[in-house]
Structures are given as C-alpha cells and as structure tokens.
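Below, chain A partners chain B and then partners chain C, in two separate complexes.
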Partner chain A sequence: MASPDVPPRWTHLYKVLTKSGPFSDEDWVPGPETITSLESSKILVIGAGGLGCEILKNLALSGFKDIHVIDMDTIDISNLNRQFLFRQADIGKPKAEVAAAFVERRVKGVKITPFVGKIQDKDEDYYMQFKIIVCGLDSIEARRWINSTLVGMVDFEDPESLKPLIDGGTEGFKGQARVILPSLSSCIECQLDMHAPRPAVPLCTIATIPRQPQHCIEWAHQIAWQEQRKDDSFDSDDLEHIGWVYSAALERAKQFQIPGITFQMTQGVVKNIIPAIASTNAVIAAATTSEALKIATSCNPYLENYMMYAGEEGVYTYTFEAEKKPDCPVCGNLARKLTVDPNMTLEVFIETLGERPEAQLKKPSMRTEEKTLYQRFPPQLEEQTRHNLKLKLKELIEDGQEIAVSDPAYTIDFRFRLSFQ
Partner chain B sequence: MTEAFPRALVGPSSKERRYDRQLRLWAASGQQSLEDSRVLLVNSDGSWGKQNTGVSGVVGVETLKNLVLPGIGGFTIVDPAVVTEPDLGVNFFLEEASLGKSRAEETCRLLRELNPDVEGTFQTKPIAELLRDPEFLPQHKLILVSGPVKRSSLVALRKSAKSLGIPVLYARSVGFYSIFSLQLADVFPIVETHPDPESTQDLRLLNPWPELAAVGASISNLESLDDHQHGHVPYILLLLHYLEQWKEAHDGNVPSNYKEKSEFREMVRSSARTSNPEGGEENYDEAVAAVLKSLNPFSLRSSIREIFEMEECTRLNSGSADFWVIAAAVREFYQRHNVLPLPGSLPDMKAQSADYVSLQNIYKSKARKDIEEVTEIVRRIEVQLGTRVVEVADKDIEVFCKNAAHIKVIRGRDIPQVAGDAHSLKTLRNHLSNDESSIPIFLAFEILDDIVTDIQDGKRPEAALDDETVWESGIERMVGALTSDDPSAVDDDARERIRKAARELRRTQGGELHNISALTGGLVAQEALKVITRQYGPLDNTCIFDGVRSGSEMYKL
Partner chain C sequence: MKMTFPNPDDILNFTLTIEPDEGMYKGGAFHFSFVVNQNFPHDPPKVKCTQKIYHPNIDLEGNVCLNILREDWKPVLNLNAVIVGMQFLFLEPNASDPLNKEAADDLRLNRDAFKRNVRTSMGGGSVRGVPYERVMR
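The block that comes next holds the complex of A and B.
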C-alpha cells in the first residue's frame, strides 16, 4: 500500500524503490534514501537522435530530475520517422535544444540542460559532474572518444571518478545495449572487433573495373567530383550535390552496362546511411535507461554487461559478459598484437589500420621507442618521415617490436606489438 | 536496356525523404501495406476495484507510437479510463491538462501529433460493448491488447478476431517484467523473409544449365591468358573450368565429400599464378574460399518440402489464396527439374566489368526463364480451378520465385493459456524444469490475470494484488493444472522459481514501469510491422522480457 507521503504521480515507480524484490541485493535499503539518490543523480545523455529522444523521455519518466544532453546536429526531414520529439516545423533547429524543451514541457519537474556541440568540446571537469553517462550515438569514433576519456578519468582513490557508461546502438532491426564500468569491466575499445567496419571497395575497382551500381556511385563521389568540381566542397546533405553524383554515376553505369542505380541508393552509399526505425530505437533506448535506473537505485541487479538484440526473425536477445582485455589500448596495460606481413610497405600498413577490426584508425601517426615512423603533423615532420612510407615494415622495425600509434580523433596513444607473419 | 537508365533526374518526394531510413528495410511495397492498415488498440478494460482502471496502458500507447511514426494508415484507441495522476508518471502521451479527461481521447490527440499522415480515432466505451457492432472489428488489420484484461473480454476478442482472420497481439508489462503473444490466422504465409544474403546464394556450379556450362568452357585457354586477364577471370568460371578437369580425372564425378572437396580446393589453389608482383591472385583466393560453401548439390530445404506437402498446397480449390497457387506451381517446377526457380543474383567478385556483367546476365536470363515457366503453370492452374476472380499478379510470381528457397508458413496458435492444449502444457512443463527458463514469469502473469479478473468481477478486493495468500493459492492452482496427470512435472525448485517471479511481479501491484513498457512497445511494434508488411519473420508465438536479467526468451506455447 502506498504511504500517504508518496506523490500519487510516482505511485508505480516508487513501489520498486520502496520495496525490495527477490532479486535485489540483500544489503539494499529501499525507501526515501534511494529516491533521493535517484532524484539527485545528474545524468548525461550523449546524442539527441533516434536513441537520444527515447532516452530523454525514458529517464524523465524514470524519476531522473537533472538531465543534460549533448548533440551537435540539426533536425532533418529523414529524422521524423523515429525521432518523435521533432515535428516538420523543427527542421533545421538543433536537436538537443528541441528535444530538451519538449520533454521538459511534457514531464513536470524535470530539468533538461541542452548543449549544442561536440563531445570533444567538453573537458574532464565537465564529465566529472555526472553520475552516469548514457550514449545513443551512431558514430564509433565518438563512442571511442568518450570511452577513453572516461577510462582516463578514473582515480582509484576517488570512487566518484568512476562514471558508468551505458551505450546503445542500432542498425535496422538489430541493436545492442552495454554497461561499462570504466577500468573495471570490458570497455568499448575491448569490444572494438565485435563492431567491424564494412570492408571498403578497392580503389582500383572503383577507378577501372566497376561491376556494381555502388562502384559507379563511389566513382562519381570520390573521383568525378574531385576532377570536375573540386572547388565546391562536397556536402552530402545538399540535394543538388547528391543529384550531381547520381547523374555522374548513371553515366558511368551506362558506359559499363551496369543497371540498378537509384537516387535512394546514391544517397545511401554517399552518406553511408544505416537503416533506422522507431521500434528498434525504442527497444535499445529503453534497455539502456532501464540499466540507468537500476544502477542509480540498486532496485535490481544491472546488466553485466552486454545485451544484443535481433528482431528480423522473432525476438532474439543474447545477454552475456564481454571480457575485459589485458591488451586493450585504453583500459589494458599490454600492447595489442597485430600480425603483419613484413614485406608490406608502411603506407599499406597505415591504410589497413583503418579497416582492421581491432584498430579502426583512419589517420594514424606512429613511432617506435627509438624513432618516428610516420608523423602527419606538423608538415615539416610529415616531410621528414614521408620517405618511410615506401619502405617495407621489415626495414623499419623488428619482429615483435612495439609501436605507439596516435590519431587526431583520440586523445590517447594506441600500443601495438607487430608480429611478423 | 534503355529503361534501366532513366534520363531525367528524379529526386525523392518529401514522403520518401521522411521515410527514407525505413524504406531501406521494407521497401515501397511494405510501406504501402502499412499505409493501407488500420490498427485497433484495446488499452484497458474497465476498473479494478476502486481504481478507475488498473491498466495504465503505456505498453499499448508506446506500441502505437512506433506504428504512427513509420506511417500506419490509421488507429483506433479503445479505453474507458479517465486520466489520473499516476498516469502522468508513466505515460508520455498525456500532459498536465489531460488530468480528468478521457484517456482514449488524450492519448489519441497526442499520438496524432507525431505524424500528420496518420488518421486516429478513439472510443471510450468498453470493448465488450463495441464488439456488439459487427462492423467494428473488421475495419482493422491488427488488434493490440494491453493486459492484464478480464478473461471474458480477452476470450471474446480473440475468438472474434480469429473468425475474421485478424491477428492479435496481447501484451502485458508489469514492473520489471513483460510478456506478449501473437495470435495469427490459421495459416500465415510469408514470401519476403529477407534471409541473410550469404545464405541465399544459389550458383548451380555442380549442375550448370547449358548457357552457364558454355561460358565455363570458354576459358579452356586459361594458360595462355596474360597475367592481367588471368587474374580477372571471375571465380565462378574458374570453378566451372576446374570442375571439368576434375570430372575428366574422376569418371565424370564431381567432388562430393569433404576430402574430395579439400583436394579440389588444393587443385584450384595450386593453379593460381604466384610469379606476379602481388604474389597471388585475388580471383583464385575467392574461388578457393567458395569451394566448400558453393559446391553442394541442390537440396530442397525441409521447411520448403513441408510447405509443398501442406494440404493447402496439394489440394487447391477456387478459393485458394494466391500464395498457394504460386506455391503449387513452384512445386510442379521442382518436380520437373529437381531444383527451385533460380533466384538470379550473383555476388560481387574480382572481374573485368564486361565479363561480370555478361555472367550476371546469364544468371538473370535463367531466372527470367524460370519465372516464365512458373507463370505458365500458374496460368494453367488458374484455368483448371475455374472461377477465380482476379488472376495472380506477375509481380507476385516474380517475388515468390526469387524467394522460393526461403518462404515461410506459420500456423497461427491461440493466445496461450495454462489450461490450453496439450502442446502448451507439454512445452510449459519441459521449460519449467530448466532453471534458466522464463516460464515462471509467464505463470506469474497468468496468476495476475486471474486475480485481476476476480477483482473486476467483484469477487476479490483490490488489495488481493499484493496479498500473499491469494498469490500462494494462485501458484497452487497453476501447479495443479500443470501436474494434473503427472505430479512429478513440477519439482520444489521449479515451484520456488515461480514464487520468486510472482514476488517480483507483485512488487508494483500491477503497475507499469515506463522503461519496461517502452521497451516492450518497441518489441510489440516490431512484430506488428512484420505481420502487417508480411515481411521478415514474426514471433511464433510468445516472448517474455525479463528486465531483472536484461534479456528475453521466445516460446511456442
């Protein structure tokens, strides 16, 4: 029975916060303390898109009162099929602001603070103020950045410095939710190879022997644009630009007798569009916020640590504990082993780092303990190290040697031990 | 060829832009089915004791949200409840000003805001009353029910729906648990199952048709090709070529077991040129990688064989659905040729553009020829069956042929009950003995439904929702039903697991938690979309989500 001082609005939620269940921890003390701790938990939501809109709504209706949200994007018409806090009239406005205002208006008593910008604009002091961070992002790069930042913030003398990171991601009917306790449990970087990028089409195929409509589109986007419109910087949101690529691709396809190019496909290839629907977002977003509620209140045990979901064929979930890897470049202390062909040039090796599931570094610079192998910035250093690109790996390093790789997208160095094939 | 290359640049319409991210999953045909459908949401069914309605119906509203956004044609919300304070703490589609107003009307209004293309109406009368109008249910293509609901209402609803062939999704979300079941029509066929492209490859390398065999024979001069040409022979042709060599040395037989295939693979591998600057050839690598996967004789999958043997397929009548007419024609095609119609798709592979395109055309023309043959059979069957009103559409025959190896037929089952049929009983018992099973959650929900029914019928007070003795006797009744002919079917451990699930479920006294209802609304909407578009594979037939353990299980009950 609800006690008289329970606000009627939160009747249902407060029942799980004021009464223990058969699976809640034996030491847990339900009651006002738990409720206060929930209401005073400052929580950050990264992303106000498909997942973010749902996450904000869910947190507000889970009793969180002080929510912050970061997103750099503005609203596009293609968001409206799932980002339910946005309307036709909002197109062009910043997502974080519109989403925050909507949920604040709808749910009485919740404060949502938007920030329109990049997560990289904020420093450790900013992230330190939150109790939990929930990510609803479509970029692996941004996830890796926040992950390494949070791992870097952990000070074992200060338990408050450990910020649980709850991450969600979707693609079509599939998705995953995971809970990361930075430095204690498997992190985004430990799990990097579970989310391998799609292999890129080799440049020679695009340039000389296209076979698929996608190859013609890549040609128009990567080669024809450079040749014919290099003074315009390509904008994938500009329909005129996409239209031009579409026409150029059609021409090329005609020349090679390749059927099947459509405008929709052109957009998909050029913008690397991932299909997205409201229902999958709802599942994954709610999975992350359910964990946030459990972590903030201890009313039930939280996910340890990964739930994958696939909805094409019935409803399938698989919940398991991903392993913390001792050779994780972010939370481990050993260098990660990469098997390489000693006859490969440094240039090719650098290219493969972008695609190798366990590295996924697009603009790497690298050095051994003794010397710099290749350094992109500043230009003088680039010039000094450029000649190394043509050298074979075996001419630069020894079998089993460790290299440190940096990439402008990340604040940390990645350590790899190169083992010759 | 010209029509494949539109001259004019046609950009997407604003609707295509709005729905772009989902059209990539279910295409214009799926979108059309969605826009042609109206769904009914029965979001509560009267009061529980003094509560104006016990069910908050968040799972129902969240499900509808996920159908309104992608552009369902229309919806009807049936909900006799009036908005209360607790509703505002769980339901996002209500606002301060909604207090005291009709919940059906308010949720309908705020859901409609999500998509101006969707039409929405509401009813404040209870469903039992609305069912008296025979015109009411048939307007809808799908029925969603938020439980727990009075047994009599649920039974009436699912029976009417069944007789009309309308699918029903019955969802319940209470505390950290949720459960939903899908009741489909007796026979529910799906053609566009969207299998993984890897599993749909059908290259016919062991039994090439004459045109394919001929192009395979065209590279007999392989040795004389220069390095560039040699490195660009499509791997399909390489395999056909080396298969011929193998057959010559093996009395005309193809490599048939693992050992022979491994030998054959070695033969291909060792034929690659390694003296070039790359030290190998990509097309040979592709050929080597394809040996074990692609060199299998055609065999009909057992699920397709079962469909061919179904009575609907073997005994057509003038009322048979188009699906069965085409299925019967494809069966006849299979009986003639021992293969299904060729899907006609070709994976990408290292090759010169022109060589690839001409190989692709060989596959495509064969697929077209197969479709023509199936179409002829369909037309002949139509004549034999006589008075069919509309002839089977060419497009449907084509789509069927392309997907023939992956079609699916689900035999719809009723919304499950403990005292249901022998199959349910057996399944429940089997799973109950597994300590990881979520079946105790199903049983706890069934007990809750009984208690709610008693409260609604005035047989118990509202306090029964969290009354130890009421729940204990409910558990006893469930166990009794499961053990009526076999007392050993439920042991003490299983009983304890049911008790624990019941205690967790009791925690909120029937109340919903927003997260769990939002998650479940996502899952239920996903199933609704698959049923309405007739694409992908719908649930058969019950899913339980456990928010304590963060995972779900599927059961056929």
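The block that comes next holds the complex of A and C.
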C-alpha cells in the first residue's frame, strides 16, 4: 500500500506498482520492493534529440532515479521547435549536458549523468552497468552498433548480462517502437531488411530531364560538383558549399523553367533532412518509456516486440512479433570456442575444420574482423591470401580472437573463438 | 570478369573488370571501383567507372545509371545482382535512361553509327570532339 507520506507526484505511479492488475504476472510482488527496484534501476538513454528529450522527461516522471544519457551533438537553432529541454541561450552547448541539467532541475530527486561523445567511445564495461537501454537515434548505423555490442555482451551463465534494448524511431508522421532482448528475440540486424532505403531519384532523371526542384539540387550536388569542383570534398556543413550547390541548382532550374528552389530546400535535400514532427516523437517516446517502466518493474507484460505507428493518413498502428532470423549475422550464431595448437599452420587448421565434429566445413574461407586470412573466392583474393596458408596460427591471430568462417555449402557465416592450447 | 583487391584485408573496396565477350563492347576491358560502406546491405555499393568511356548509361565522370544501384536497391540484393546488371549494360546499352545524352541519341537514331562510335571511342579516339580512353583488352 502507498503510505500517506508518498509525494503527490508519485501517487498515481505507486497505485500501479503496489497492486496487482489483471495482466500482471502471477509471480510478481507489488509493493515497496518493486518501487525500490525501479528507483535503483540504472537506465541509459542514447540520443538527446527529438526523441531523447521526450524519453528523458518521461523516464524521470515515471520514477526512474538513475538515468544516464549519451549524445555527441550540440544544440542547433533548428532543434528548438521540438527539443523542449533547450533554450535559445543553449545553442552550441552539448545536448546531453543541457538536457540532463534541465530534467534534474525540474524533477527533484532524479540524477542524470550526461556523456558527450559517441556511443562507440564506450566499451562493454560501460554498457554492462545498465539494466535497460533506450534508444532515440536517427541513424541505422548507430542502432546496428549498439545492437551488435549488446548481443556480443550476452553471457548465458549471467542473466544480468542481458540488457533489454528499447528502440524508438520516427520519420515525419511515421514511427516505430520495439523491444529487443539481445540473443533471445529478433534483433535490429534481423529486422534490417524491413527498413526501406530512402527513396532515390534515378540518376538519369537528374542528369537529363529534371521535373522537380529537388532534381536540380541533386544534379548540382552530384553531377555539377564533380565536374567543376572535383578536388574539393563536399561538406554538407560548409555554408559556402551549400551556397554553391544552391546557385548551380537555381541556374539549372531556370533552364528547365522549374520554380521553387530555396537555400533551405537545398540544405534539406543535400543533408537528407526529413521533417521531424514533435507529436510523432511524443507518441513514440511514450511507447518506449512505458515499456521501460514495465520491464524495470515487471508490473505488466511488455511489448512483444514491434509496434509500428503510421500517422500520415489518419492513424494506423499495428503490433506484431518480429521473428529471429536463424542466419542473422549478429545474433544468429554466436561464436563457438575452438581450442587450437598455436604452432599449427593455417593450412592444417583449415583441413582440421573439415574433420572436427563441431565444424565439419569442407571448403572454408576465413577472416578476422580486420584481416583476411584465407579466401577461396574470388580467385584474385585467393591468390593474394594464399601465402597465409603456410603461416602458423600464432603469426596470424591472437589467443582468444574471433574468426568468421564461411563455406559454400552454407549461406551463413560461422564464428569461432580460437583459444590457444 | 575479374575482381582485384588493392588491400586484401579490406574486402569492402575493390575493382571489378568487365570484359564483354559479345555485343558492341566486345574486346574491351572496363574497370569499375566498388565501395561497400558499413551500412551495406542497407545502402547499395557505390560503383564508378574509372575510365572515360562512351556509353549511354555511363557519364564522362564515371557515374553509372543502373536502377538497382539507386532507386531500386533493396537490402535483399547482393553484389552478384549488381555485377550481372553491369554486364548487361554492356550487352544492351539502354537509350531510354541516358546519362550520356549524346551517346543515347546516337544509339536511338542510328544504331550503326553508334556502333562505329563505340569502336572509335574504345580505340582511344574522339566522338563529337570528346576524346575517350583506350580500353581495348
């Protein structure tokens, strides 16, 4: 039961956490224990932008008390319409720090630890300290990185090593929220082919018959720049470069009598800016944070595992369970341990792979993350790597290093962690 | 067809050489640089012709107009699909999707003249005042 000294801010939250509901798990024990577990859950928010601001605010208002946030960006004037933790005076300051300070000021008792930098700057030890990770990112690359890092961290003997990943994403009026239990459920890499790549205009349209102002901008950016300023590498943050593309596009648009090019549009096309809509961010952030609350407290079942939201024509949402891909390069086959003699040559090792019961690969090719050890195809690569066959394993790899092995008989790569005898 | 890897440890950057054994471009050796970025297969590979050649679907800067390299790329496609598509461009140059408009006009209006231009350009000659690189095998 909620005691009478519950601060008014939390009375509603505590009602949910101190009573069983029709959907709560039979084994769940409501009450102070649950509340303590929520307050002590260390949670990481990746991204302090449009989604990140909402997520931080929501988590703080949902009772999380130990929140970390990581973002490499600084605040730009164009963020202020929706990234409500930032003010005009904050322009140029790091998003993570300003957002953390703002929420700490507004919600008493919450501690928010910012880190200004890239997610890649941090290692497994850093990510291991959290109970849950929530992503409000704008790039697929960063999602893939954190996903594969979290999958790689899973140690089946230590349940604490499994970090639920809650991923939100928006694009205009569309959005998505998903819950990923690394190695147990479908991961970001499994779902990669669900994302349609950005629609692109055929190069020939751009080169010959532009129909829209955007085609002229693409022409200036991709064709005129290459012809006339080949030696300058294009920088989309350099205003002089954008200005050049803008005037080249204007010129071309005049030839084809296409009106409507503006500097801002040029910037949008060149930088691939998708209009961000504050309300979509709010919807998706709400979905991800209520999942975080449910996972941290077990008070209700969580999302399994993908919710899509389409708001561009009325509203349509659909929730389904994305399946794990058996051949997912990240979570489909975790590295198996293989004990080898470091003085064995690569050639002999390859032969043994055909005989070892745990491998049975007849025509393997292999590489480490950085190095191609031996590749049978294409022939030129075979020739270039053939000399490695005579080298000893210890000359090629380190003790405990992981190798990826492919074989024409299988469509997937096998991963082995080689430990020296 | 041949692939060369300037650095065998970096299998994301390589050169593809296409040597058509039939069609108008028979006898040539055409080099393309392939750059596969970290976002592959979400992003298509970036392909450029490293020679200056006379082809309706390849401009003088080496840009290639092949639908699956841009607007029709899907993450289920692979390098094989791209390579087959590139070979096809040399068998059947496509005048309706031009990047080199003059070459496309030649192909559409006078196929025989186009063929002659292809031979001239492949030998290192000029077509309509534009000098081309010698690309014979």
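Throughout what follows, the second predicted complex is superposed on the first by the 282 of 421 C-alpha atoms of A that agree within 3 Å, B and C clash if a C-alpha of one lies under 4 Å from a C-alpha of the other, contacts with A are read in each partner's own complex, and residues count from 1 in each chain.
Keep this in mind: a contact is a pair of C-beta atoms (placed from the backbone, for glycine too) under 8 Å apart; a residue touches a chain by one contact, two chains touch by 3 or more.
All of these numbers come straight from a predicted model, not from anything done at the bench.
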Check your understanding: Just chain B (first), just chain C (second), both, or neither: which does A:108 touch?
Key -> first
Review point. Is A:372 contacted by the first partner chain B, the second partner chain C, both or neither?
Key: second
Check your understanding: So, A:223: does it touch chain B (first), chain C (second), both, or neither?
Key -> second
Practice item. Classify the contacts of A:233 with the two partner chains as first (chain B alone), second (chain C alone), both, or neither. Key: neither
**Study point:** Superposition-derived comparison: chain B or chain C, residues of chain A touched
**Key:** B
Check your understanding: Which partner does A:421 contact after superposing on A: first (chain B), second (chain C), both, neither?
Key -> neither
**Study point:** Touching both chain B and chain C, residues of chain A
**Key:** none
**Study point:** chain A - residues contacting chain C, complex
**Key:** 140-141, 144, 192-193, 195-197, 199-204, 207-208, 222-223, 226-227, 367, 370-372, 375, 378, 380-381, 384-385
Exercise for review: Mind listing the chain C positions that touch chain A in their complex?
Suggested key: 2-5, 8-9, 11, 38-39, 41-44, 57, 59, 61, 63-65, 67, 70-71, 73-76, 97-99, 101
Point to revise | Interfacial residue positions of chain A with respect to chain B in the complex | key: 1, 7-13, 15-16, 19, 21-23, 54, 57-58, 61-62, 77-78, 80-82, 84, 87-88, 106-108, 172-173, 177, 209-212, 239, 243, 246-247, 250, 253-254, 256-260, 263-264, 267-268, 273-287, 289-291, 293, 300-303, 307, 311-319
Point to revise | chain A partner contacts - residues on chain B that touch it in the complex | key: 1, 4-6, 9-12, 14, 16-25, 56, 62, 65-66, 69-71, 84-86, 88-90, 92, 95-96, 113-116, 175-176, 194, 232, 348-349, 351-354, 356-357, 463, 466, 500, 503-504, 507-509, 511-516, 518-519, 521-523, 525-527, 529, 536-540, 543, 547-552, 554
